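Encoded as structure tokens, the structure appears first; notes follow it.
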Amino acid sequence: MAPEGSTLKESNMNLDEITDLALQLQKQTGVKVLWVTCNLFAHPRYMNGAATNPDCHVLAYAGAQLKKGLDIAKKLGAENFVFWGGREGFLSMHNTDVSAELKHMANFFKMAVKYKEKIGLKCQFLIEPKPKEPCRHQYDYDAMSVIGFLKHFGLENHFKLNIEPNHTTLAGHSYEHDVVMASVFGMLGSVDANTGSPDLGWDTDQFPMDIRNTTMVMKTVIEQGGLQPGGLNFDAKVRRESTDLEDLFIAHIGAMDTFARGLRNAVRIIEDGIITDKLKERYSSFSHGLGQKVEDGSATLEDMEDYIQQNGEPNVTSGKQEKYESIFNHYI
Amino acid sequence: MAPEGSTLKESNMNLDEITDLALQLQKQTGVKVLWVTCNLFAHPRYMNGAATNPDCHVLAYAGAQLKKGLDIAKKLGAENFVFWGGREGFLSMHNTDVSAELKHMANFFKMAVKYKEKIGLKCQFLIEPKPKEPCRHQYDYDAMSVIGFLKHFGLENHFKLNIEPNHTTLAGHSYEHDVVMASVFGMLGSVDANTGSPDLGWDTDQFPMDIRNTTMVMKTVIEQGGLQPGGLNFDAKVRRESTDLEDLFIAHIGAMDTFARGLRNAVRIIEDGIITDKLKERYSSFSHGLGQKVEDGSATLEDMEDYIQQNGEPNVTSGKQEKYESIFNHYI
Amino acid sequence: MAPEGSTLKESNMNLDEITDLALQLQKQTGVKVLWVTCNLFAHPRYMNGAATNPDCHVLAYAGAQLKKGLDIAKKLGAENFVFWGGREGFLSMHNTDVSAELKHMANFFKMAVKYKEKIGLKCQFLIEPKPKEPCRHQYDYDAMSVIGFLKHFGLENHFKLNIEPNHTTLAGHSYEHDVVMASVFGMLGSVDANTGSPDLGWDTDQFPMDIRNTTMVMKTVIEQGGLQPGGLNFDAKVRRESTDLEDLFIAHIGAMDTFARGLRNAVRIIEDGIITDKLKERYSSFSHGLGQKVEDGSATLEDMEDYIQQNGEPNVTSGKQEKYESIFNHYI
Amino acid sequence: MAPEGSTLKESNMNLDEITDLALQLQKQTGVKVLWVTCNLFAHPRYMNGAATNPDCHVLAYAGAQLKKGLDIAKKLGAENFVFWGGREGFLSMHNTDVSAELKHMANFFKMAVKYKEKIGLKCQFLIEPKPKEPCRHQYDYDAMSVIGFLKHFGLENHFKLNIEPNHTTLAGHSYEHDVVMASVFGMLGSVDANTGSPDLGWDTDQFPMDIRNTTMVMKTVIEQGGLQPGGLNFDAKVRRESTDLEDLFIAHIGAMDTFARGLRNAVRIIEDGIITDKLKERYSSFSHGLGQKVEDGSATLEDMEDYIQQNGEPNVTSGKQEKYESIFNHYI
């Protein structure tokens, strides 16, 4: 989620007028607002952080702006509200009190939760992880970092994650990694569907064009029963060199097609059940006996020792990665 | 922490005889055991995981081995017990049930905690994060991943972290990053002091030779009041090409000198107080007024709005990174 | 190309007996030898380099071994001879005379050329680039590094490149990059068709399973008119966890299918001509007028200035990346 | 070398007036011009390349601009002229004819050489490698890529390299790597002395503050007998967050001090001769007998075989990396 110019922003309309216009458009079109966000990173005042700024005056400014943003989200009936902390981190450890900054960020989020409840805003709060850029290190590094942070400060019931796979790859993971991890921890809220080039070290916000990737993402989304109230949005840009008006349409169509093919692939994979069945069988030892005790948490180390004394060395079982990959390839 | 051959392992002594020998040596020398660990990754039986193996038989084997390891730790009066999950992760998402594996790993740790309490083992449990290698992805990716995992499964009071900075850099962070993050979250237990080359993508377990790095680590250790019952150990190897017997001594002496210089630098930095004072001043707005309310968690978004309506746009304050870096350089 | 155990090596046959056996098998099956190589990296004697070893005694050993290897290549009628310099580089600049080592490596190659000519060996010499691992830096870093080296020492007419795309990605390029670059410079000799995971920093020698990648490689191979006398070989290994005998077959079949699909995609792309025509049009200004003078090297800066004085500012032309990507996706 | 705003550019002075002003300042101060360059990357017309643009009209514009730039260099008596090809590369292979682009770039450089000779411009031409950013791939990837390109097109006698170590690390090498490689190939012309953070994947153009790095660079510069007519310049920027006027001074002073300490360390290392002597001894086998024949290129593979038949297996000799590192640390 990168800062972007907008024609509205450049118009003479103020925020309330824009909100009213958006409301009107909603009524006319039936299109609802997936999410609202506050840009707490692009203005120079936020260069050293918004919620983590060493100067409380800046944090206050961010808070005032956030209050307004939440009011607008309420007015627009937004389904979600996204926090992307592009400046919540540091450029140098030498000038940073990490402990203080994390506490301020947590308290900032707590104020948001409180105000949300006060005004009866129903939307889902989402945090979007990104490892770095513009900061050298951002506290919301990846899905697990945010989960750790939220749980540490008792915020885990108030937030889910908005995963942008380009950020995931910048954190050293595979494209689908954080979508899967967030889902496993019950924290996948929404997906910002853009991509980068795996050989580049910065965020290019390209339109997703790789069907392998979209198949993996859609498979995870189906398996967790959908994303509602979240969704799939393109926070992508045509390349700076794509200057024709039609490029904007081609890019959206090409990327949407890529996700559509991914969705159809994922449905076929799940309906065929070949991979799922193989997987179920692979873990079948946990459905009975000692395995079931491990599963339900009643097993002990003494049980383990007894079991091995009776059953000895386990068999080596092939992981069969190439077989899984070959089967997966049949769906691409 | 990589698997390594050992002359003891190649001897004809069994585990109990080795333990007795170790006990004897302890009494003779007064040298205590910093930590004991179980190698749950090198044997082919663990190739698909120990606690996260899809076959419960293998998990049971790991459990039996762990029970023995904890008994030995008790016997030796070990100060810590380290878990490094080199195979707790996956090589391919296609053949992996991440959710099941994480639950099994958590339950495995819970059995360890239970047994530890049962036998009255007093040592600190430590988890050592590593992002990848041998796995494509390890669940204990970095400090924040482990913290998130522990808190999710209610294990955070039973474990601390053993940080190896070479693993930290492989996870995309700076050398000192996870030492600092673990410390900030109250989870820094011990430090495996080796290093890699920042331009390489695998674990080289080199002896640490960069004084900037050791200064940063020792500064963090001092600031959190030491590492006890943890410590600083070299889990480093001389390079495969360093074949002279003396290389082993030179490497240890050179690395120890590097940490000694780091410690002395850190002490001077802290005693001089120049950087600390600058830092205190940088965050001084949080010691009174609105800042104090943010700090203690009583501030609201409405307070923020009021403050900005009265005080307007904040001043832009330089981060002064180059000044901090230049001052830091005076201590190197 | 990693060192590997082989059942033959573990047999009691000596090198001459193995060569005779290989000859016999060739006659019986009609299968020819794509390439022969010497393992000048796995034995501890080569730990500090073979042709670049600081000790000339080791270089001599490598030379003697290479002489034998060339004799065998001659006997077997090998089509190519591959040099992979896994130890030709350095672990530390502190103990390395880069200038001397490069000169020795060049002279070593010159001896090989001379001996090849002397014995009338007809095969193509190939160098396989790899950026690092086991060394921290290998001189044959990537295609362009090897081309630069060969041209500097006047060896460019005696060698071509054997590109392994997993090595290419480790050097920070995209999968197909070095195949394309080597081809453009007239230096693509053969392809070691394995792959890695883009999120890993070491060589995993996995079987290629991504059809996008194989499409790009096969397109380049077709466009340069084939690889003869080179070829496409799998220098891949099943994952250490793929322990069933059938995994070896599945992996080869799956990867061969992936290349077959890539070949068919590439043929369709070229026969349809949509991308090719768009590309031809994109560069069409170089087929006449000033463009033709640039193309044939007769244009001058004065011509440029004249042209701009007459024609002014050029139009901005969209790169249309998303359109190209969308069209490409129709072939996947 | 990144595009930057300048107050002069924003003034109303035209290029000729600025040149005259620069000439005047030169006379007044005695400060000479290290290098002149043309910005052939920032303007949107160059978005798809300057010398490698698919549209010859754009190439012509670049040529006209270059002609003017060379005239100004002549007028100012510049010691060097730098070419940084920030747009000479590609964003996608799908829309790129790499072969054509490389040829056009070479012919563009040939025009520059021709015009330089015509107007009697005496300065050294320099190419500055950078692997990527803004392009996905830049043809001048690193030192060896440029050397390969120059030699392929017969341009190697007309150009040297301007190495920016931050670009070197982005290409996957260590900080000093390209300085050393360029020097070894006789191509080190000048050094753009800035740095990045090894954990970041984009160009941050920070002021160099690590004394290890500057020691290595200065050692190489001394060993090749200086950089004339090149030099050492800071193409660095204070961080965007360093907004005080004094930061600009502090950064320059801090970085200059870092290079000064590096220079003094390098001098001590060379004068003490401990490392140099160890290195000379390490390669001493090449100063006599078979080694000398390898050195002068007269040895053959047959000589190697004879030598090994007489002398057998070489001794394993320790690389002693940790010893070299420990000695080096004494100078930091």
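Each chain gets a letter, A, B, C and D, in the order it is written, and its residues are counted from 1.
As a working rule, contacts are C-beta pairs under 8 Å (C-beta built on N, C-alpha and C of every residue); 3 or more make two chains touch, one makes a residue touch a chain.
Source: prediction; values computed, not measured.
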If you tally C-beta contacts across C-D and across B-C, the winner is C-D
Just give me the whole-number Å value for how far the CA centre of chain B lies from that of chain C. 40
Roughly how many whole angstrom separate the Cα centroids of chain C and chain D? 27
Would you pick out the residues of chain B that each touch at least 2 other chains? 47-48, 91, 132, 136, 172-174, 197, 199, 239, 241, 243, 316-317, 319-321, 325
Chain-level touch network, classified as line, ring, star, complete or other: complete
Across the complex, what residues on chain C touch chain D? 44-45, 47-48, 54-64, 66-67, 70, 91-100, 102-104, 107-108, 110-112, 114-115, 131-132, 136-137, 141-142, 144-149, 151-152, 171-174, 176-177, 180-181, 184-185, 216, 275, 278-279, 282-283, 285-286, 289-291, 294-295, 297, 299-305, 307-309, 311, 313-317, 319-321, 324-325, 328
Which part of chain A faces chain C closely enough to touch in the complex? 169, 172-174, 197-199, 207, 209-212, 238-239, 241-244, 247, 250-251, 253-255, 257-258, 316-323, 325-326, 328-329, 332
Within their complex, chain D touches chain A through residues 47-48, 91, 132-134, 136, 170, 197, 199-202, 239-241, 243
